[in-house]
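All chains are identified by letter, namely A, B, C and D, in their written order; residue positions are counted from 1 within each chain.
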Amino acid sequence: MLYREAGDFKTTYAADSQTFPIRSDRWRYFAVLAIAWGVIPFVIDDYWANAILVPFLIYSIAAIGLNILTGYCGQVSLGTGGFMAVGAYSVYKLMTMFPEVSIVVHVILAGGITALVGTAFGLPSLRIKGFYLAVATLAAQFFLVWLFNKVGWFYNYSASGQISAPERFVAGVAVTGANTAPWAQYLICLAFVTVCAIVARNLTRGSVGRKWMAIRDMDIAAEIIGVNPLTAKLSAFAVSSFFIGISGALFFAVYLGAVEVGEAFGIQKSFLVLFMCIIGGLGSIFGSFAGAAFLVLLPVALKVLGVDLLGWPSSTVAHLQLVAVGALIMFFLIKEPHGLAQLWRVTKEKLRLWPFPY
Amino acid sequence: MTMKTLATAALAGLLASGPALAELVIPDLSYRTGPYGANGTPFSDGYQDYFALLNARDGGIGGETIRINECETAYNTEKGVECYEATKGDAPLVYQPLSTGITYQLIPKVAADQIPMHTLGYGRTSAAAGETFPWVFNYPATYWDAASVAVNYLLSENGDDLSGKTIALIYHNSAYGKEPIRTLEELSEKHGFTLTQLPVDPPGQEQKSQWLQIRRDRPDYVIMWGWGVQNQVAIQEAANVGYPMDQFIGNWWAGAEPDVMAAGMAADGYKSLNMNRIQNYPVLDEIRAQVIDAGNGAGDGSNVGTVLYIRGMYTAMLAAEAIAKAQELAGSPQITAAQMRDGMEALEITNARMAELGMEGIGPEFTVSCENHSGSGEGLVQQWNAAEQVWVPLTDFIAPDKSVIDPLIAEDAAAYAAENGITPGCL
Amino acid sequence: MSADFLYMIEVVINGLMAGVLYALVALGFVLIYKASGIFNYAQGVMALFGALTLVGIMEGQVPFAHIINATFGTDLHQFGWTVPALLAILLTVGVMILLAWMVHTFVFRHLVGQEPIILFMATIGLAYFLEGIGDLMWGSDIKTLDVGIPQGGSLWVENLSSGLGGEDFYGFFIDKLDITASVVAILLVAGLIAFAQYTKQGRAMRAVADDHQAALSVGISLNFIWVLVWSLAGMVALVAGIMWGAKSGVQFSLSLIALKALPVLMLGGFTSIPGAIVGGLIIGVGEKLFEYTIGPMIGGATENWFAYVLALLFLVFRPQGLFGERIIERV
Amino acid sequence: MKDQVEPHVTADGRRIGGVLMDLRGITLRFGGVEAIKNISFDIREGEIRAIIGPNGAGKSSMLNVISGFYHPQDGEVWFRGAKRPAMKPFQVARLGIARTFQNIALFDGMSVLDNIMTGRLTHMKTGLLSQMVWAGPAAREEAENRAVVERIIDFLEIQAIRKTPVGRLPYGLKKRVELARALAAEPKLLLLDEPMAGMNVEEKEDMSRFILDVNDEFGTTIALIEHDMGVVMDLSDRVVVMDYGRKIGDGTPAEIRANQEVIDAYLGVAHD
């Protein structure tokens, strides 16, 4: 009886609609939070921060954002890279225009600006559906990248068109710029991730989330029972872009420190984040984390395995890495099309019955 | 035990060995895959093979063996950062990312971590201002030098008068491709030529529109700032529209064998800049004999002697010379990254030394100082002979117009210093 | 006629030629989508893989040489023979058919009945896989592909038309490679249509596209049909790979031509062969004309996004696409 | 036959009120095909009104016109004494018109409870920002609406499947959940599109009981399409008969039974 729900009674509707209705789940959740906040900041080093944890956290925000749009509202988007670029360039302009304002405010505002842009590009979703919409969002992807590359105002007319994050502080501690300690990088990302995940969870368990899911599962029926498709879809685009904008802002300001739009926010980024959602599980916040962790860790793990341990030439490992990532994606889709989150649910159901499966 | 080794242990269930002391560690952030893998591979082969030669022939540098720490970036900035973080715990001496994008990520990081970075003829031009960028070196020349060298070459071709001429710049629409624009604009004002700009979105498979425009406008010269497939397509399209190849000049990243081979005979006469003279140096034979034939080559040896291979080898030579200088300054064969930086800043490359190393005339003579991290800025013009399949040097090293470039560098460096709160000064 | 106007016409002609190549790539998508509902993102990588294999066979390269050499310490690179282009193409077609069979048997047979987005993702996985395998098999250096297609501007067209304008007009520029590509593409499309109309397998293919269940009930083997369409798509990819590879060398970037086909699909519809062709032509002309006329005013390099924006605007006003019928929604 | 019935109380004690919905001269065309030809009838408060007819008679199209999914080319829809302007379906839902579908249209990715909660969406007003923090109004609103939904769950006897994903339910239960979702909206007019299609006799009896109970306990006005004549005649107060898009009969079940045109249509007498 490792995992049980029997004897866990609810006496109020509020208790029943909480995020982790089962007690052992709740404890595990608090344990994860305690480790993330109380242990990791003290042991983290540059490698773990920059190669694994910070990108994992930032991609988690992007994956949650895209999952709201694609997983909950059913609108497939390939414009994630472009929207992340909006977040990055917004935060850059805000940081350089108003250096006295806190970076936290700038990141949130960058999310807001991205939400506006995302909503505008979400308008065609009212007429265009399915793959046609997915391809249409590529218009946003390519156009936004072109725009940030072309218009000098966005990159303050720097010679190469690159943007670099100046040093900014939160409570006297540097969180952007070269002198940022790994724990500071990690903590600011963790703070945003925690808030974003809670907000996403709140939205998806309430009436807004039900509207999105209704649109996803059957848009015509949803409209007939009273869901306004315009506001439902646009709110999904807005909220999704808000998260993606925040992740883009952090990606630029905290993680990379300097970006070039076509390279950092190209079409590959859009696919990567979509992969995270699908491998993790569409329509699952936990899945967004699982997918982000999987796709951040997998290449690093393969590289450590191939180059450091087996001593293969790095080019062969890089090629094999493509093969392995591709094969694993296909394997996962065949074995569990609903992603890691579903795998986890199935495992839990088995655990609940363990050791007496009947 | 560092977190890196913990990670290794956790991921593979094995412990990684700690950094071995008494070695000179050189990370090689290479790219052998992805859209630019065909360019990254020969460069990296040349870079590694030269160090392998030093190990095999001289037992390293000053008695210390050199260990290469290769990490694949696929020309991707995130992987570049990951590689940097993965290798920096290993007491590396100098980074050399061969990517302008990765360079921009690493500029603040190497300053904070106090590890020097060498970006040979790429990266951030204003890093030439060593007082603002003490940890970044871009000798022997920068992009802006390249633009000026190209214009100076055209001046010499036209009796020092370009007024009324038109020059089209066809460029990789990225940070890299946009670098020369400001310099060329200044130069067009100074010399009275008209500059038209034709951006090509990477990767650059489709350039029909740009070349139809060139065919219609018939500019006197076309200068190209390209990389990867863009170069091949551009040269092919130039041949297709019948643009004269000898009026078409690529920069030094658009002048290697892969760029011209696809177009076959049509590419004959295409010109490009180079910071290295391409010829059969004695050192190449030594590499073939002591590295490739001994089975220690980074590649299969087929790249030896190509443009990018020679440039990789040249870069390695500059690093090796800086190590020797640093050992001399430090008075010990074991050096730290900070001592390596001092060695790089005191680097002096003379014709005599290059001849001694078996690569006579491979690059310009130059010295590095705290104020000038970019060396002499000289480059030469070479031309492709398609029948023989060789690059033929056309000119000697041409000096850039420092009177135009230096104020631009000072301005850009000052802006960087102001944005990042740096007080310029020598270390 | 003024030179400006003539140059405009030249841009249109070249746009049409580019459009034919876009249509060719889009055609590969349509074939698979129609028969199995799979939106095959790997179509571009299949073009790369086909072209790489063709070059490898022509030059007698040893596949997986790097791995073999690294594992066994050998020094294999070349078999030491070269294969004539035509034979090599036939052999490559064989490889593409084998690939089609493997893709179906090991991947998509296990995914029958899944949601479209899952299938789409699987094809992206396939794209990664093929890209890695292609590099491992044949190496990642740039290869020159020469199957004897003429290249360069057609002097005949240029001389013939140079009299149309004044001093400033140098005659129309049309690339011989583009002419060849157009002819091959037209032949290929005609061949495909003939195949679909007049052969037993072709009719079975159309039946499956119309209705899986009904096709099953009259005894058509779905597995066979799916391998067939993947093979056909592989051959279309190979042709696209040859045409593009002849221009820019065979290398990684070849796989990105898939991105050029997506707006064509939006415009023409995922299921319509005439849609792919007309859509390709519209996109080709549209993006070239836009880059030529508006491009210089807004800084150029507009081609990447313009095609998408054009397709997007079109769909907003006509959601059913070029040849689709008006959709009547039911509940 | 055009009745001018005054508000009255039926024999079994239900109150039939004034006209709730009045359809006047509705004509609906798809391209050149006329699906509905100039049909008029009304629905009175508190009654159970049936629409019957052979396949292809235009019954579902009629329901789609009422729920705002199709927009008739001609004719007027009057609801609660006012002419209803052209509206989108979700606006119609907000007026208090809920429906079920012939081919079940539940949200397969959601649990039974969530599906029924979607029926409450027209009653839930808290905004995005309030829901983000999930404290105060949003949580309170959720609990209040949950209470309403739980009453309906009890009423329809589906407590045990509350947390089950609807995709896993058998057909009969799905129909019941769909009814629950429509009821959750507390509609003034409930449209049921073949609520008993594909059911066995027992399930039909259950469903009939639920329909009568809904009408009885909540006083909900119901318009339904059904093929089973026995059920229709037992359940409904008045019946509209359609054939080939035309109205061929309208009246109490007894009147309809006696209508020659209706009998002909059902026996398949040729039209011309």
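A few notes on this one:
Simple rule for what comes next: a contact is a pair of C-beta atoms (placed from the backbone, for glycine too) under 8 Å apart; a residue touches a chain by one contact, two chains touch by 3 or more.
Because the structure is predicted, anything quoted here is derived from the model rather than measured.
Common neighbours of chain A and chain B, listed by label, are C. Of the two interfaces, B-C and A-C, the higher number of touching C-beta pairs belongs to A-C.
Ranking every chain by how far its Cα centroid lies from the centroid of chain D, the top place goes to B. In this assembly, the C-alpha centroid of chain B lies 36 Å from the C-alpha centroid of chain C. Inter-chain spacing, taken between the CA centroids of chain C and chain D, is 51 Å.
Taking each chain's centre as the average of its CA atoms, chain A and chain C sit 33 Å apart. Each chain gets a centre from the mean of its Cα atoms; for chain A and chain D, those two points are 42 Å apart.
The residues of chain D that reach two or more other chains are 69, 101, 105, listed in rising order. Residues of chain C found to touch two or more other chains are 135, 140, 299, 301, 304, 331. The multi-chain contact residues of chain B, meaning those touching 2 or more other chains, are 32-33, 37, 41, 173, 201. Residues of chain B that touch chain A in their complex: 2-4, 7-8, 11-12, 14, 16, 30, 32-33, 37, 41, 70-72, 74, 76-79, 81-82, 84-86, 88-89, 100-101, 104-105, 107-109, 111-112, 124-126, 173-176, 178-179, 181-182, 201-202, 408, 412, 415-416, 419-421. Listed in rising order, the residues of chain A touching chain D in the complex are 12-14, 16-17, 199, 202-203, 205-208, 210-211, 213-214, 216-218, 220-229, 235, 239, 283. Looking at the complex, you find that chain C touches chain B at residues 7, 10-11, 14, 18, 69, 75, 77, 135, 140-142, 144, 146, 151-153, 170, 173, 175, 177, 244, 247-249, 251-254, 256-257, 260, 288, 291-292, 295-296, 299-301, 303-304. The residues of chain B lying in touch with chain C in their complex are 32-35, 37-38, 41, 173, 197-201, 203-206, 208-210, 212-213, 215-216, 228-229, 232-233, 236, 239-242, 258, 261-262, 264, 266, 300. Per the touch definition, chain C reaches chain A in the complex via residues 39, 66-67, 70, 107, 110-111, 114-118, 120-122, 124-133, 135-136, 140, 259, 262-263, 265-266, 270, 298-299, 301-302, 304-305, 308-309, 311-312, 315-316, 319, 321, 329, 331.
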